[in-house]
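In the two assemblies presented below, subunit A is common to both, partnered first by subunit B and then by subunit C.
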Partner chain A sequence: MVDLTFLADVWAPATVVAMIVGTALGIIIGALPGLGSVVGLSICLPFTFGMDTVPSLALLLGVYCGSVYGGSISAILINSPGTPQSAATVLDGYPMALQGLAGKALGWSTASSVAGGLISCIVLIVAAPQLAHFATRFGSIEVFALILMALTCIAAVSRGSMLKGLSMGSAGIFLSLIGTDPVTGAARFTFGIQFFTAGLDLISVVIGLFAVSEAFTRLAQDGKNESVFSGVRLMLPSLSEWKGRIGNLLRSSAIGCFIGALPGTGAATAAFISYATAKQLSPRRDNFGKGEPDGVIAAESSNNAVTGSAMIPTLALGIPGDVVTAIVLSAMVVHGITPGVRLMSEHLDVVNAIFAVLVIINILMLILAFPIVRLFGKLLAIPESYVMTGVIVFSLIGAITVRGNALDGVVAVAFGVFGYALRRGGYPLAPFVIGLVLGPQFEENLRRGLLLSDGDILSFPTHSWIALVLFLVTAGLILFGPLQTLISGRFARSETARLSREP
Partner chain B sequence: MTDSSDTSDEQVSRSIGRLIVSAAFVVASPFFLAASLLGAAGSDMNIAAGDTSQALPHILLVVWVALGLVDLFREATTFFRAPAAPDSQGRSDDDPVLVLAIMAATVGLAVAIVFFGYMVPIVLILPLLLRLAGVRSLGGGIVAFLILGPGLWWLFNDGLGIRLPALLSGGMF
Partner chain C sequence: MKIITLAAIGVALSFSTSASAQTVEMIVPFSAGGGTDSVARVFEPGFSEALGQTTVIRNVAGASGTIGAAATADAANDGSTIGYLPIGPLAIQPSLRKTSYNADSFSYICQTTSTPVFLLEKKGSEMKSVKQWVERGKAKRIVYGSSGPGTIPHLAMAAFAATAGLKAVHLPFKGTGPAMNAMAGGEIDLFADTATVLEGNDVTALAVFAPERLKTYPDIPTMKELGYDLDFSVWQGLVAPKGLPKDLQQKYAEACQKAIATDRFKSLAEKTNTGIKYRGPDAFEAFVAENTKKNRKILAEAGLVK
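And then the complex of A and B:
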């Protein structure tokens, strides 16, 4: 018998308002170029501190799902993806708009986004409890191996070099250890400053690295958009128009679900892989890039399918797959919920509420898309200088209100400067944040594992078959980078040689 | 002709910027390591508890510096082979003076909030920040100032019940 008491939380007025406001804000934030999911979540975080657990998660999940969809609006109407996740949507969405089919393109994108999101919710509801059940077999060594694998995976697939990714991951774990050692009580890297004994606040660091540094970057550049289609009305495709396209929708959603569950890959990767697959398999492949709805369906269904499946490792294992789920996870911690392998057994009501909220948010996106698309022209008229100054002020307030300590605002700004420099240096930020989130668990499980194995770390891989598989995958991922470089180098050399032989 | 040499100069300066960031990122690790080993980092040793608290941080710092050095070497090799290589991220150049000014104003705002609460620094520094951000319209600037300054203070303190730092406890300033 399923316990349905969580529905009382889901249908509480505060949760309903949070879902509507969060989804609407998410679509708007996603549609404005430069404000992605992470900036949106950072802006909304301070509002959740005074709220109950379920409404606060509903607000954040609404912003997350809404922003992934919202990116497609600007991708189609102004040829500028609002979020990186919607970059593939530009390829066919904007040509459709140029042909006078902007409303139709938005309709395909909305229907595909909602379908992809709902499919991923079903996958989440089915897969997360199974994975959580399996995860009960995980001891300290297995959890340590899992975190190591997740960090390596994120570093391997991060933008930029794997070396930079791995060093950022190490730096992230290191900074998470600043403060008081939980086992011995010793102060670590506090430099005698009282503020550091409690450690760095994760939310302040994330706000600084992403929102503040993004604002610095955008304010220092001149963001100009191409032509804007104003006064467009969203037109959903009819059932007959779906004929011959359902397979593409299901396949792209499946790709999105699979990629979303892998740590570090994310919606942008899913969208491009789905787009490339659809381009190979679609009977209308010749029209791709010229305004083919199949291209919009592939990109949008897969990037929204990531939203639900990215929550699978987050809810089942307490391992965030990307920065967005790391923020959701840290919001859970603020509300007294400890994510991890026991989340499903100890807070089943909250997990069920998250499932229900995700389904409702995806349906809300369909309803809210109509008025927001009509508003889009007016929203885009707000100059970036106002929006980005607002991002800085909201970020400061967000950082300060997490622990009620004004020094966290200084930390956020310091990490904003740090994040700006790292962006300029080509360093990926995601491994750093994931390292920061997983660092305490990483250390705790390593030290417990060392106790279990009498200090012999070399015996970790032989502790169980699960540990062995996880360590082997980690080793494979470490070899992946150099092998890829070697193969692409050889390919480039052979291509150069071939071209030089040609007359 | 001038345009292409300008672009080339910009690319060289971007490459130099990347090298400097990589070098600074590597230098941070030995700083922490040295501070820890010299006892300057406030890293207490609890010998009675069979101390292992410094083991992982030290391993991570060594990994950080080792990977960073290899990456720095790679960056330097790339730079000396092709100093004007285009940025793989294809980003446009930022205005360094403007970025530094915005950063300085933001740091000033954050630090001032620690000592003077939210309201006084926001009233003094927000107009400067808006100006630096490129707001030129007086009407728009006043509306933005009222919303982001006193408006947010009111929203958080009275609307949401989340108290922002104040100079005098319980007061507006």
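And then the complex of A and C:
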């Protein structure tokens, strides 16, 4: 018989209040550009010192899960991801909003977020120890192979010209090199300016590329178009609309669950990998980037699937995979619970309470999403010039907030100008962001792999079975496109030849 | 629109960096929620109370803490800005890269903590002692991890490898978490970090990088006992821009001493296995100068400084 005494902790009034407040606060913080999960958690952490263990964990987990979902609200409504995790949601969410389908897009993102979150809760509850141990088999070379595979998705999201897409992806990777060398600690590509030694902040760049350049684009159109935001209401997709999209949802959630369990990768990476996979496999792949719900589903289900599975290494091995789980761990330490390998055996009641709290939070998200979206809809239902002014003010404050450095605002404006130029030139923005997100992990794992193999990159595929499989899949993905073109080209030619022979 | 405007003004105001005469701004060079920040946030109430002035923490993160340290060094030296800095930006980073400041750019107020690091291996390893690892490391290559180049885990291991004459490869990770994952997966053999890391992970401590055995870990030998005179700890302290008036320096130092003696600070230290260590202005300044020199020598031996 399972010991259910932990449920008393979960249903205690303090915990219930903590879950509701935490989740609502998380969604709002997530929806404000620049204020992400880490900021939200840091704001709440001091309050947990005076609270009991379960309510304080409920507050922090609510903020965490809420913020990952909340980022999609601004991604869809103002073309600016509220958190880096929802950078991939912009790609199809905003085009949907432009077509007047903002409520629908928000519905897809809400439903997918909740589904992804719940699926990862199930994975966490059922398979945490197994998955955690499997994840430790991903060493530097295996993760390098995984990121390499993910980078091939640049090709998948390069709409129009492949050359333009690849050059934007490379530009993103090169910009990610600015800062500190991960192996030697030396400053590089900084032009001797101290600000650059910290590297470019992802959220400032993304805010500039999407939100600020959007405002410039509107400015150039001389305010002739109607506001697309007025009276936005969340509209959940009906069951029949899910037809043909469930596979995408499950696949993307699975990708999120797995990436989340790998320490040091994170939700932004998971969202882009799922997006690219969906773009390869979806029957509606041609519509990606133009406002395809499948794109929103892929991005949002996988980034929320990370929330549950990021707790896997944290709970099963005591290894915080990222800053977020590190903060949750530090809250446990304050309450006298030593996180780590013995957590599950020594504090099973707390672990069970965490499971229950995560499930409830994901359901709460679905309920709280309605009033919060209405609130944002009301805020945005004012003349476009005001909205755009607000977007710029908020975006820049957001960019500056992340590291407390005003120069990040300058970076956002510079990338706003750059992003505007790219849009005018028909260069896709998505590959650029993917390069920027994956670049640092690509480099770090490559460099560590080279240190381990004495500089012999050719030994990478034979390092382990996992590495071999990942490299083969990558090779397959690279060859698949050209081969397909080649074969269909031949077929078309022979078809033409056959037709021309026939009288 | 009103709401947006009001909110914007509210947020903007919270960013105004101008400190009034009554408020002391305390720069923490890492993000809110990090290790340094969480200690600083518990230190701050006791310090404010002892000083009788409001202290506001400002997180200026980035580039291993050097951006925040530079902001501290560049601030006005009238006591309105102080910095809560750990070892990295104070005594390591200025040797590792070009920074706009160095250890001489500050007036020293006090040291607050000092936490020694342990030599760690994966739990259940067939290697049982430092001696076995030294033998293995002389015969063939061993791999040690760190939470980044130029961090204390890196320096402690680099110094150990050099002193013991090991054939060792350094694998830097972004933070302790990913490094612990690599240790669980067998990618790295050894790691050096504090008791928090020892307690939270599936690792065993082989030795402690301290001159004497710790009261809390009486069974773990010191590196010195084993024949390697190595002393490495993670420490933090309070500094101000150079030229802080002597009377203020003394006043702040006294408040600092009171702050680390509060129950609140002591209980946090106990829970996080942080060692409390007070050094006054002169002793702290001499300690930082000496520590900088020592770290610079190790970095040079590791080939990271020309």
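Methods note: the second predicted complex is superposed on the first by the 275 of 503 C-alpha atoms of A that agree within 3 Å, B and C clash if a C-alpha of one lies under 4 Å from a C-alpha of the other, contacts with A are read in each partner's own complex, and residues count from 1 in each chain.
To be clear about the criterion, contacts are C-beta pairs under 8 Å (C-beta built on N, C-alpha and C of every residue); 3 or more make two chains touch, one makes a residue touch a chain.
As the structure is a prediction and not an experimental result, all values here were calculated from the model.
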First, second, both or neither for A:185, with subunit B first and subunit C second: both
Partner chain in contact with A:323 - subunit B first, subunit C second, else both or neither: second
Partner chain in contact with A:136 - subunit B first, subunit C second, else both or neither: second
Which of subunit B and subunit C A:247 touches, first, second, both or neither: neither
Which superposed partner A:388 touches (first subunit B, second subunit C, both, neither): first
Contacts of A:46 with subunit B and subunit C, given as first, second, both or neither: both
Which superposed partner A:397 touches (first subunit B, second subunit C, both, neither): both
Subunit B versus subunit C as contact partner of A:221, first or second or both or neither: first
Where subunit A meets both subunit C and subunit B, residue numbers: 46, 181, 183-187, 192, 386, 390, 393-394, 397, 400-401, 404
Touching residues on subunit B, where the partner in the complex is subunit A: 14, 17-18, 20-22, 24-25, 28-29, 32, 35-36, 40-46, 49, 51-54, 56-57, 60-61, 63-64, 67-68, 70-71, 74, 88-89, 91-92, 94-95, 98-99, 102-103, 106-107, 109-111, 113-114, 118, 122, 126, 129-130, 132-135, 140, 144, 147-148, 152, 156, 160-165
Complex contact set, residues of subunit C against subunit A: 1, 3-4, 8, 11-12, 15, 31-34, 37-38, 41, 58-64, 66-67, 70, 96-100, 143, 148-150, 169-175, 177-178, 180-182, 184-187, 196, 199-202, 268, 271-272, 304
Footprint of subunit B on subunit A - complex, ascending: 46-47, 49-50, 159, 161, 163-164, 166-167, 170-171, 173-174, 177, 181, 183-193, 196, 212, 216-217, 219-222, 383-386, 388-390, 392-394, 396-397, 400-401, 404, 406-407, 409-410, 412-414, 416-417, 420-422, 424-427, 443, 446-447, 450
Contacting residues of subunit A [partner subunit C, same complex]: 38-39, 41-43, 45-46, 133, 135-140, 179-187, 192, 194-195, 197-199, 201, 262-264, 313, 317-323, 325-327, 329-330, 333-334, 336, 338-341, 379, 382, 386, 390, 393-394, 397, 400-401, 403-405, 444, 448, 451-452
